[in-house]
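Two complexes are shown next, each including subunit A; its partner changes from subunit B in the first to subunit C in the second.
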Partner chain A sequence: MRRAIERGIEMIFAASGMVTTVVILLIVAFLFKEGFGLFKSPAVEKGYALCVNADNPVEFISAADIKKIFNEEIEGWVPYRFDGDELSEKYEEEQFAGRLGEIIAETPKILAFIPEEYLPRNVKGVKILSGNTVIPKDFFLGKEWIPTATPAPQFGVLPLILGTLLVSLVAIFIATPLGIGVAIYLSELAQGRVRDILKPAIELLAGIPSVVYGFFGLVVLVPIVQRTFNLSVGETAFTGSIILAIMALPTIITVAEDAMRSTPRAMREASLALGATHWQTIYKVVIPYSISGISAAIVLGIGRAIGETMVVLMVTGNAAKMPSLFDAVRTIPATIAAELGEAPFGGVHYQALFVLGCVLFVITLFISITAELISKRQHNKGL
Partner chain B sequence: MDKRTSQKIAFWIFRLLGWFVVGVLLWILGFIVYNGIGVISFEFIFSKPTGVGMLKGGIFPAIIGTFCLIIGSMIVAFPLGVMSAIYTNEYVRDGKFSKFIRMMTNNLGSIPSIVFGLFGMALFVSLWGRSIIAGAFTLGLLALPLVIRTTEEALRTVPDSLRIGSYALGATKLQTIRRVVLPSAFPNIVTGLILSIGRVSGETAPILFTVAAYFLAELPSSIFDQAMALPYHLYVMSTSGKNLVAGREVAYGTALVLITIVLMINFTASFIRRHFAKKHGGH
Partner chain C sequence: MNIIEAQDINFYYGDFHALKNVSLNVAKNSVTAFIGPSGCGKSTFLRLLNRMNDLIPDTKLTGKCLINQEDIYAKKADVDALRKKVGMVFQKPNPFPKSIFENVAYGLRVNGIKGKDFIQNRVEESLKGAALWEEVKDKLGRSAYDLSGGQQQRLCIARALAIKPDILLMDEPASALDPISTSKIEDLIYTLKTEYTIVIVTHNMQQAARVSDTTGFFMLGELIEFSDTKKMFLNPDKEQTQNYITGRFG
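This part shows the complex of A and B:
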């Protein structure tokens, strides 16, 4: 009986052991389930459809091209947008579909954007573009993110991906020398009371909520950046990078310090015995020895910066355009945070945001695994 | 350059960098305390927000909401996390399986909080709607890797000689865990759990879509109600609203309250750690 109970409890423990795996699988399943429909959804606004003349050989027009045609940036097309007021001057509502059919049949190069209720179905000379869905190429390589555009919302994630990378890479560029310097100071030089102040300070820095960092950045840093670089607005990618750098510091410092501390005493002493100074020992022995740990620290710092939401949402200005350092940018996490509340549940926009979540998930998972592989090399060396 | 001089210069740079980081921390904390302290009053903490854009009154509902979320998420994360850590450290310590579990825990810990928000929206919100329970589950799963990692570290500080001694006296594995390992690791486990609370209390992104409300006239009456929360309130007051100047005052106060709660949690954790380290002669 006793053994059976022990066995049962062990089973419960084992089940809990699997919980993180299960959660990851659930996250993957639900992100993909919600986002999957995107590439089956029509590229035009909900409730509308596109029609062309039956002689027109075209079967598919991408969302980006639809936008260009309606902006008259592509020659040879006649864009037609349904206008109820104009039609109702001459026709009754029941005649709309028929009249629209005539217009389309008469105009060879027309691209008509029509509400589904007035679609001229089964009319000779009219072709309804039914297979016009959002396609992966437009999504991943599109340069415009305008989810509320008509007639076709633009879901190009390229500016968002580049914005995310720009902000976090610049952040890491700032944080790496600083973090490694502090890590060297902590692991090699600081002792006693200095350590007792620095260590808790770094823990506190890690403990400050991101929204407080965002608030600080918004109130303090944005005006400083604006004045220093003489910009019209201070909410830029660079402002975000500075705050993200501060936030990535604790991760970089802690991981790099641990790696440096694992340098065997014998190696340090051998170097000192050969007449090297302490500093020479640090950069010729300690740093080369712990280089994988230091790299893992940097990679983890990047991961921290890429996924950060609130700070970039609050201080980078959130303009979804191709990014530049001293201009407003928008990152993937900030886009999700800013738009999910307004996107209709289950709609195209909602699906697109979940696919963005998938992209972010894949990027951070890749980074996490990279960091793990790098730090494994450090451990193997330790044996 | 003489190698002694270059050492001197290098070490001075590192020292400056070290103090620079402390300076940044003091700057942020000082800024918020300096601007927020004047806003704090009995009314600010214990009354509801009123007026257009919540510029008058206090932030009581947000404080209550944050405490509800902390408690809820810990009910989700504590038992699961502690049991998971016991399993990896006591049952399958060095096997392939424990490596796999640790890898998955690390991976879960690296997932951005906004992705947890999306997940919470897709699963918990569709089950229960925007509610405290949906937010608590989302935050609980977010805290899980931290709980597991700190608990495992705590269990690892228990010397094997204690376990072996317990087995030698005829105790079973479960008895050893319950009577020897857990009591000995207890202070460190509690420290880790408190640190996870600190992390959860400041999270904003996961609660944006799962629970947070802009304004509620009534305090939540059940776990299926929406709630206000301090981090979200700070976000709202500092970014939206018609009167940014008056809104900023409220934001300073909210930031100070939030940061005070988070720091108190962190101090409690390090106090417990130190207190017990002294008592046990340090692990």
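This part shows the complex of A and C:
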């Protein structure tokens, strides 16, 4: 009887473990499935197509080039944008396709942007660029993110990826030394009473919702950054980094401090009994002993920084351009949060945002794996 | 010459009076054993000799303790320097999670010794001194945790020997060991005596009788009797000592 109950409990735990794992895997699969339709979607606005003269050998034009051609930044092309009002002065609607066909056939260097319903199909001298999809190279290396541009929306995620990395890495570079410093202070140096007050206070900070931090950043930090660095606006990547660092600190401090305190007293005593000073004991025994806990603390901190949306949306100026530290930037999570609501369901923009989600997932995965490897190596080196 | 002179020492853990008016002298290059029932204050006394009790919050000490004629609890006393002079082997083996070599080299490194050859030689010498060299000479790079309990304890002894202290404090160094490892450690104490002053805590009467020159008997924080080991075991002054030694309590 007793055994049967125990077996039952074991099975419940095993099942819940399995279900959780499967659900998480399904979420990841969903993310990737929704996203990767993107690279089969046409690069031009939905409902339109591109045509060129049949003598033109070109088969593919990237979204960035399309934009340049229509902005007349590339020589040798004649951009043509469908204009219904102009055409209807002389032609009936049924004649549109025919007229467009003529125009294209007459102009060797034309690049025409035409609604699908007026496409001059099967007209001699007209070539429809049907294989013109969004390609990964443009997506990952493109430097412009303008999802609503016509004729071709620009989905270059490089500025967003770099923006995310810049803001989070600077945040971590600020938060790590501070956090570990405070953790050392709390675990090794602080008097019992100071510690008993400080530790719960810091733990409390971890629970404050991020909008509140964002609000603080906007009202207090933005003007300070603006004045200190003499900028025209204070909403910069650096401001975001500072706020993220402040937000990551409580996590880093509490996790690292717990790890350090778990160093057995016997280890500290062994070190001190050999004449090591307090500091030597801290960096030669306590830190190596708790290194995996400390790196877990940093990874959790990075996780918080990279995934954080609200705060960066509020204080970084939210401009999707190639990032620099004292300029406005935009991160991946902020982009997804700001744009998913207005992106038509299932459209290119929607898919692009899902791919952004995948990119974010891969970045965090990469960071966790790196941290894992580093802490393993540190641990082995300690031996 | 007395290397340790304890004068009228009282020690408190908070309100708890753990050592009561303890006075004793330890001669240089002798082996002193402390015996007594569990909780009587043996470890407490041992740990005040290298100021390990400083780590425990809310403790208080009165009285005087001189080592090499210097008051180790004086305001200007250098605790780190004291601990280099007074090595300690703990009740439970506590090697660092480092290699065998690094465990022994640790005390040298924290004392700023850099010479590679010097460290190498001292590590070998210390491991030989702790009768461990033959067993580990081919695997100095392996983790200390791969050693058996007895080997770990001898590693901790080697680690303490590496900085060449004047005094070696050993708190039940053989309590977790098998008879063979125990006798190895006893032999070791015998040989170490020529160079070091050894103070050992033990629950094993035979061991105290075998290795020590002088024995102290503690009970409830008091040093009941402190005399020549032979005399203590053959003809103790106090009845309590007699009872304890013959196993009537404790």
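We take it that the second predicted complex is superposed on the first by the 322 of 383 C-alpha atoms of A that agree within 3 Å, B and C clash if a C-alpha of one lies under 4 Å from a C-alpha of the other, contacts with A are read in each partner's own complex, and residues count from 1 in each chain.
Methods note: a contact is a pair of C-beta atoms (placed from the backbone, for glycine too) under 8 Å apart; a residue touches a chain by one contact, two chains touch by 3 or more.
Small disclaimer: the values here were computed from a predicted structure and weren't measured.
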Which superposed partner A:A266 touches (first subunit B, second subunit C, both, neither): second
Which superposed partner A:E34 touches (first subunit B, second subunit C, both, neither): first
Subunit B versus subunit C as contact partner of A:V182, first or second or both or neither: first
Touched partner set for A:L373, first subunit B, second subunit C, both or neither: neither
Dominant toucher of subunit A (residue count), subunit B or subunit C: B
First (subunit B), second (subunit C), both or neither touched by A:T277: both
Partner chain(s) touched by A:G192 [first = subunit B, second = subunit C, both, neither]: second
Which of subunit B and subunit C A:I208 touches, first, second, both or neither: first
Doubly contacted residues of subunit A, that is, touched by subunit B and again by subunit C: 277, 280
Complex interface listing, subunit A residues touching subunit B: 2, 6, 9-10, 12-14, 16-21, 23-24, 26-27, 30-31, 33-34, 178, 181-182, 184-186, 189-190, 194, 197-198, 200-205, 207-216, 218-220, 246, 249, 253, 277-280, 282, 300, 303, 306-310, 314, 333, 336-337, 340-341, 353-354, 357, 360-361, 364-365, 367-369, 371-372
Residue ranges of subunit C in contact with subunit A within the complex: 50, 52, 55, 57, 80-81, 83-84, 87-88, 90, 92, 94-99, 102, 106-107, 109-111, 143, 156, 159-160, 163
Contacting residues of subunit B [partner subunit A, same complex]: 3-4, 6-7, 10-11, 13-15, 17-18, 20-22, 24-25, 28-29, 31-32, 79-80, 83-84, 86-88, 90-92, 97, 100-101, 103-119, 121-123, 141, 144-145, 148, 172-174, 198-199, 201-205, 208-209, 231-232, 234-235, 238-239, 248, 251, 255, 258-259, 262-263, 266, 270
Interfacial residue positions of subunit A with respect to subunit C in the complex: 192, 264-277, 280, 284-285, 288-289, 382-383
